[in-house]
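Okay, got some structures for you below.
After this come two complexes, each holding chain A, first together with chain B and then together with chain C.
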Partner chain A sequence: MIGLLAHNALLVSLFTVALGAVITPIAIRSGRRDWLQLTYGAVYTNFLLVSIATVSMVVALVTHDFSVSYVAAVGSRSTPLLFTIISLWGALEGSILFWAWVLALYAAAVVWIHHRRPGNLVPYAAMTLLAVAAFFAVLLAGPANPFLPVSPVPADGPGPNTLLQNHILMAVHPPLLYLGYVGMSVPLAFAVGAILSNEAASNDWAILSRRWMLASWGFLSAAIIAGMWWSYEVLGWGGYWAWDPVENASFLPWLTATAYLHSVMVQERRNMLRLWTLNLCVATFVLTILGTFLTRSGILSSVHAFTTGTIGYYFLAFIAIVLVATLVLVAGNSDRIRTRGNLGGAASRETVFLLNNLFLTAVMLTVLVGTLYPLVAEAMRGVKVSVGEPFFNRMAVPAMVALIFLMGVGPALPWGSTTWANARQRLLPPTIGAVVLGAIAVIAGARSVYAILAFAFVGYAAMANLREYWIGMRARHRAHGEGWPTALARLIGGNRRRYGGYVAHIGALLVALGITASSTFRTEREATLLPGETLTVAGHTVRLKNVWGREEPQRSVIGATLDVLGKDGAVIGTVQPRMNYYRVSDQPVPTPDVRSSPRGDLYVNLTAFESNGANATVKVIVEPLVPWIWFGGMVIVLGAVIGLFHRGRRTAAPSTIAVAAPEPEPALAGTDS
Partner chain B sequence: MNWKRAIVAMFAAVPLIALFAYGFTRDPRDIPSPLPGHDAPAFALAVFAPGEPPFTRPVGDTIRLRDLAGKVTVVNFWASWCLACRDEHVTLSETARQYAGRPTQFVGVLYNDRPAAGLRWIADMGGQSYPSVADDRSRTAIDFGLFGVPETFIIDPTGRIAYKHIGPISASVLRHWIDSLVPIPAAGDTVRQPSVR
Partner chain C sequence: MKRAWVVGGAGVIVLVFGWLLFGGLEKNVVFFLTPKELLAKGSAGVGVPVRLGGQVKPGSVKWDAKTLDLRFTVTDGAREMSVRSAGAPPQMFRDGMGVIVEGRVGSGGVFEATSLMVKHSNEYRAPKPGEEAHEKYKTLIERSTP
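And then the complex of A and B:
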């Protein structure tokens, strides 16, 4: 019953979004602006209808209504409630439904916030979002319909994919990813709206879309980090990134979105890079669709790939339409969008931003080529190849190391131009930071050039970004006699975008530090232990206590309990790595146990066991500074949040945008020079 | 709108779309094996599980692939920790018995496991009709390009790999391949027992 209701809601939603998208240009061209209420009404109605369908699905999952096809495919009476709810995005049809809902939510939010803005930009942006929504509505009405009736109704189902019901992070990573991915449709919608409404030659659209991009970027950053964390906690190999095609698919739009967030500042300040920024906007969206296509079409083999039927062809058609439409729109109007600004001096912040964009784009293209190369090789030469870590590490890591360096140079240099002497003075503290951290790395035993450089540049950039805070706080302290905490709060409050950006930098540096340290100084050993035997890895000792088994409703669990011994041999803790055998799968899901401290992780995974409990084979990995990756991810998100709550000084009066005059540096921050 | 530039840009999308369209004609999970159609890699492995009459081989005896020339050899890689191996176990044992008296030989190869664990597993599963050998340091598994267990290779009487099966094998697939490779005894031929050395 609930399936029928939801199915009808989706069919009406398809009709609504199609009508709303078609009516918009007619309304604008014919001058009947009151018809635009239909566009906006379609956006709200679609949100209502898709919400009904999504809530219906959750209700069907929770009540184990196996007459609904999706519930019959992923539900099970023995699955715990939380995992039953999150299986909403655990398989193809549900994830498309969830996607459509997030898109409907964004579209409604965009219209709600911006509908009073005069001009045709917002109507055209709403039309673009409705067109994207129409694609997902078509999927839900046809090849990915999750509400097909099942007859006869089964008594129970197989339960969700075992990898998805093994860890709580699966409740976090996919929604964040969807919020990030889908949110990038909004800047695209503003870009398309700007072109169609002839407003692309101003900077207004970029200022409108900037905050949406920042929010999506924050979500996507959090999603990528949460995905790394999940992989680390569940897959049992002690790593967090494998350059899997779908990991790459989430990384590609992140790179262009990061480039956009920097280039849009140059566009605002110097009235430059307008076409480039628009291209980044479009590229980011196309890459999110490409990522979805790679994950959901079954074209590349990956842990994330869902089994698929005809849906791939729909995606192929959609990506073709998106590519052709965006290329035609941007290339056809490029003359009008282009700007002819000029750079300040060579040693200026905009130069660094240009380099930052260059390197981010280079990393993006490298990763894109590596991801698609297997397909190209098979098409051209008929051979199966796989492009693995060595390619990406060799090709992408140098540019990423350079990006860490630029994170230190950019904040240290002023807009416009500066003298070399001034630049040298500003760059001295970062250089000290680089020498110190680089030296620590060498003493600790790092020998790879890129590892040492990465450590040094992290020190460099950390000093540069912290120095910005220090200078600002000192100036406030001296000028207003503010206490240091007040000075910090007011400093950030006074220019949230700028200082939020520096917070995000610090977060990115912590991530870089954690990745570099854990990949450089990782030690691992595997051994078969009898109860009472010990294994020592890099100063950490574990002693096998026993091997045990436990039956749970949806799985059987085999675990080993190991004591963690301190330097004096006393027990300082226990770890319990497990293997979970789910009813639906032959493959056990490893469940390593991780003992974290700020210094690093002791990662213990059970790789084999004697069925009578006589012994257990464990892999013990010592990975320094790994927790800093997860903490750094949270700091990045904090930076994005600070930037989001920036008061929109300029958005209030779009017609009076200062076009060429660069905004002066906030006075307080400049008092040191 | 500069239509000339727009059309040029549009054509830039064509190769990418063509590439994706081509991608749909391929199955990324289809991992090609260079082996079928080629000679099976030679092996000489020690028996750790003797099997049951009439297939019994003494423990410690060496089974060499070249000694099996003239027979259809079924090489099954398995392990005691492999759940899918449980599904196919009875099928393999039974099929081996059904083909006793025909020129066939089943050999189990223990993969990444200790023989003691393997023996206990066989006892738990109610026996294994044919002998199993231990693959020290997985040499033979590597030679055969093993992707995981279970995998089954069917080798024709000339020593050429006729078929590779990934995952639990079914009786019908086994019979199909063995029947297509075993010379059907003509009327009047003496059906010999498999040689037991």
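And then the complex of A and C:
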């Protein structure tokens, strides 16, 4: 019953978005601007209809209505309530429904916030979002329909994929990823809108879309970090990144979005890179769709690829349509969009931004080629290959190390041009940070050139970014006699975009530090222990206490309890790595236990045990500074939030601010929580 | 003039980058082979990183819990290859199941594995009666407390 209601809501939504998208150009061309109410009405109606369908799905899941095909596929009466609710995004059809809902939400928010803006930019942007929504509505009506009737109605279902019901981060990572991924349709919509409304030659649309990109970028950054954390906590290998295609799929649009956030500043300040920035918008969106195709079409085998079916062809067709449409739009208008500005001197901030964009694009292309190569090789030459981690590490890591260095150079250099003497004066002091951190790394035993360089550059860039704060605070302190905390608060408050950016830099540096340290100084050992026996790894000792088992409604748990011993042999804590056996799968889900401190993690995983409990095989991994990766991720998000609450540059003419951003803060803040 | 320099420089960078990229690809591609395909390569297959795919030959799994030395044979029906690995086998590492082993063939003709993946389709397979954890580990679960 509820399935029929929701299915009909989705069919009406398909009709609504198609109508709304088609009516927009007709209304504008024929001068009937009052018809644009139909466009906006379609956006709101679509949000209402998809909300009805999504809420219906949650209700069906919670009430175990197995007459709905999706519930029959992923539901189970024994699954705890939280994991029942989040199985909404635990398989293909539900995740497409959730995607459509997030898109409907973004479209409604865009129209709600910007509908008073004069001109044709917002109507065309709404049209673009409706067109994207139409694609997902087609998927939901056809190949990804989650509301098919099931007959006869089963009494119970298998429950969600076991890997996805084993950890609470599954309630966090997917929604953040969707908010990030789907949000990147908004800058694309503004880019298309700008071209169609002949506003691409002004900077207004870029300022509008910048804020949406920043919000989406913040969500995507948080999602990537949460995904790494999930992988670390659940997969049991003690790592967080393996250049797996699905990880790469989330990383690719992040790289172009990061490039966009930097190039749009050059566009605003120097009137340069306009065409390039526009292309970054398009590339980011296409990469999100490509990522969805890779992870949802079943073309790759992984925890993200749910089923094989025809859905992949729909995605390929959509990618082709988007590429052709945007190419025609951009190429047909490129001479109007092209920039008038000039490069400043060689030693200037825009030079650094150019290099930043160059390296980010290079990393993106490297990861893209490495990710797609196996697919192409299999299709063209019929050989099965995989591109190993060494490729990504050798090709992408040097560029990323260079980016860390640039993070220290960019903020120190002024816009326009400067003298070499001035540049030297600004660039030399942070070298202390490089020397200190590089020396610490060498003393600690780092021998790889890139690892030592990464440490040194993290030190350099951290000093450079902190120095920007110090200089600003000192100026306020001297000029206004403000106390240091007040000076810091007012400094950030006075230019939130700039200092939000520096906060994000600090976060990225913390992540880089954690990754470099934990991959350089990782130690691991595996051993089979009898109760009472100890295993020592890099100064950390664990002693097996016992092996135990426990029945829970949806799973059987086998665990080992180990005491963690201090230097003097006293017990300073316990760890309980487990293996969770879910009813539906013959593969247990490893559940390592991690003991964290600011210095690093003691990671203990149960890898085997005697079925009578006589012994247990455990893998103990000592990884320095891992928690700094998660903490750094939070700092990045904080930086994005500070940047979002920016109210327009203070020096800018008030009129442009009024046009560009009619008080979007409250609504955006709402989507953040 | 300045513009020409910028465009020329960008062109050179793109060319060098492309050359590095595809050179790097050629060197780091790992082939996915069955024992038959790997053995057909002869000495060219020795010492090269490979992903070996096939089934675990029934009765071939030997694991020493004390030394963590794991040995088994991977077969594709036609040919077979002995594999050596260090560490515990994945749980439910049973006869006849599909595996992907990453590593390289050592000089003795034994495949030295660096990682071991159990190949399971995404449509997960429910345990058969008697294989369920609460049956298999009944004594452990009933006797012990966490």
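As a working rule, the second predicted complex is superposed on the first by the 647 of 673 C-alpha atoms of A that agree within 3 Å, B and C clash if a C-alpha of one lies under 4 Å from a C-alpha of the other, contacts with A are read in each partner's own complex, and residues count from 1 in each chain.
The working rule: a contact is a pair of C-beta atoms (placed from the backbone, for glycine too) under 8 Å apart; a residue touches a chain by one contact, two chains touch by 3 or more.
Bear in mind that the values here come from a model prediction, so they are computed numbers and not experimental data.
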{"item": "Chain B versus chain C as contact partner of A:Asn333, first or second or both or neither", "value": "first"}
{"item": "Touching partner for A:Val266 - first (chain B), second (chain C), both, neither", "value": "neither"}
{"item": "First, second, both or neither for A:Thr366, with chain B first and chain C second", "value": "second"}
{"item": "Touching partner for A:Leu323 - first (chain B), second (chain C), both, neither", "value": "first"}
{"item": "Contacts of A:Ala475 with chain B and chain C, given as first, second, both or neither", "value": "neither"}
{"item": "Contacts of A:Val387 with chain B and chain C, given as first, second, both or neither", "value": "second"}
{"item": "Most chain A residues touched (candidates chain B, chain C)", "value": "C"}
{"item": "Which superposed partner A:Ala73 touches (first chain B, second chain C, both, neither)", "value": "neither"}
{"item": "Partner chain in contact with A:Val547 - chain B first, chain C second, else both or neither", "value": "second"}
{"item": "Touching partner for A:Val186 - first (chain B), second (chain C), both, neither", "value": "neither"}
{"item": "Footprint overlap on chain A, comparing chain B with chain C", "value": "298, 301, 305, 384, 581, 586-588, 608, 610-611"}
{"item": "Residues on chain B engaged by chain A in the complex (per definition of touch)", "value": "1-3, 5-10, 12-13, 16-17, 19-24, 26, 28-29, 31-32, 80-84, 117, 120"}
{"item": "Touch list for chain C against partner chain A, complex", "value": "2, 6, 13, 17, 20-21, 24-25, 27-33, 49, 51, 65-66, 68, 86-92, 118, 120, 122-128, 131-134, 136-137, 139-146"}
{"item": "Chain B partner contacts - residues on chain A that touch it in the complex", "value": "293, 297-301, 305, 312-313, 316, 319-320, 323-324, 327-335, 372, 375-376, 378-379, 384, 581, 586-588, 608, 610-611"}
{"item": "Chain A residues within the chain C interface of the complex", "value": "158, 161-162, 298, 301, 305-307, 343, 358, 362, 365-366, 369-370, 373, 377, 383-388, 390-391, 394-395, 526-528, 546-551, 555-556, 558-559, 561, 576, 579, 581, 583-588, 607-608, 610-613, 615, 617, 619"}
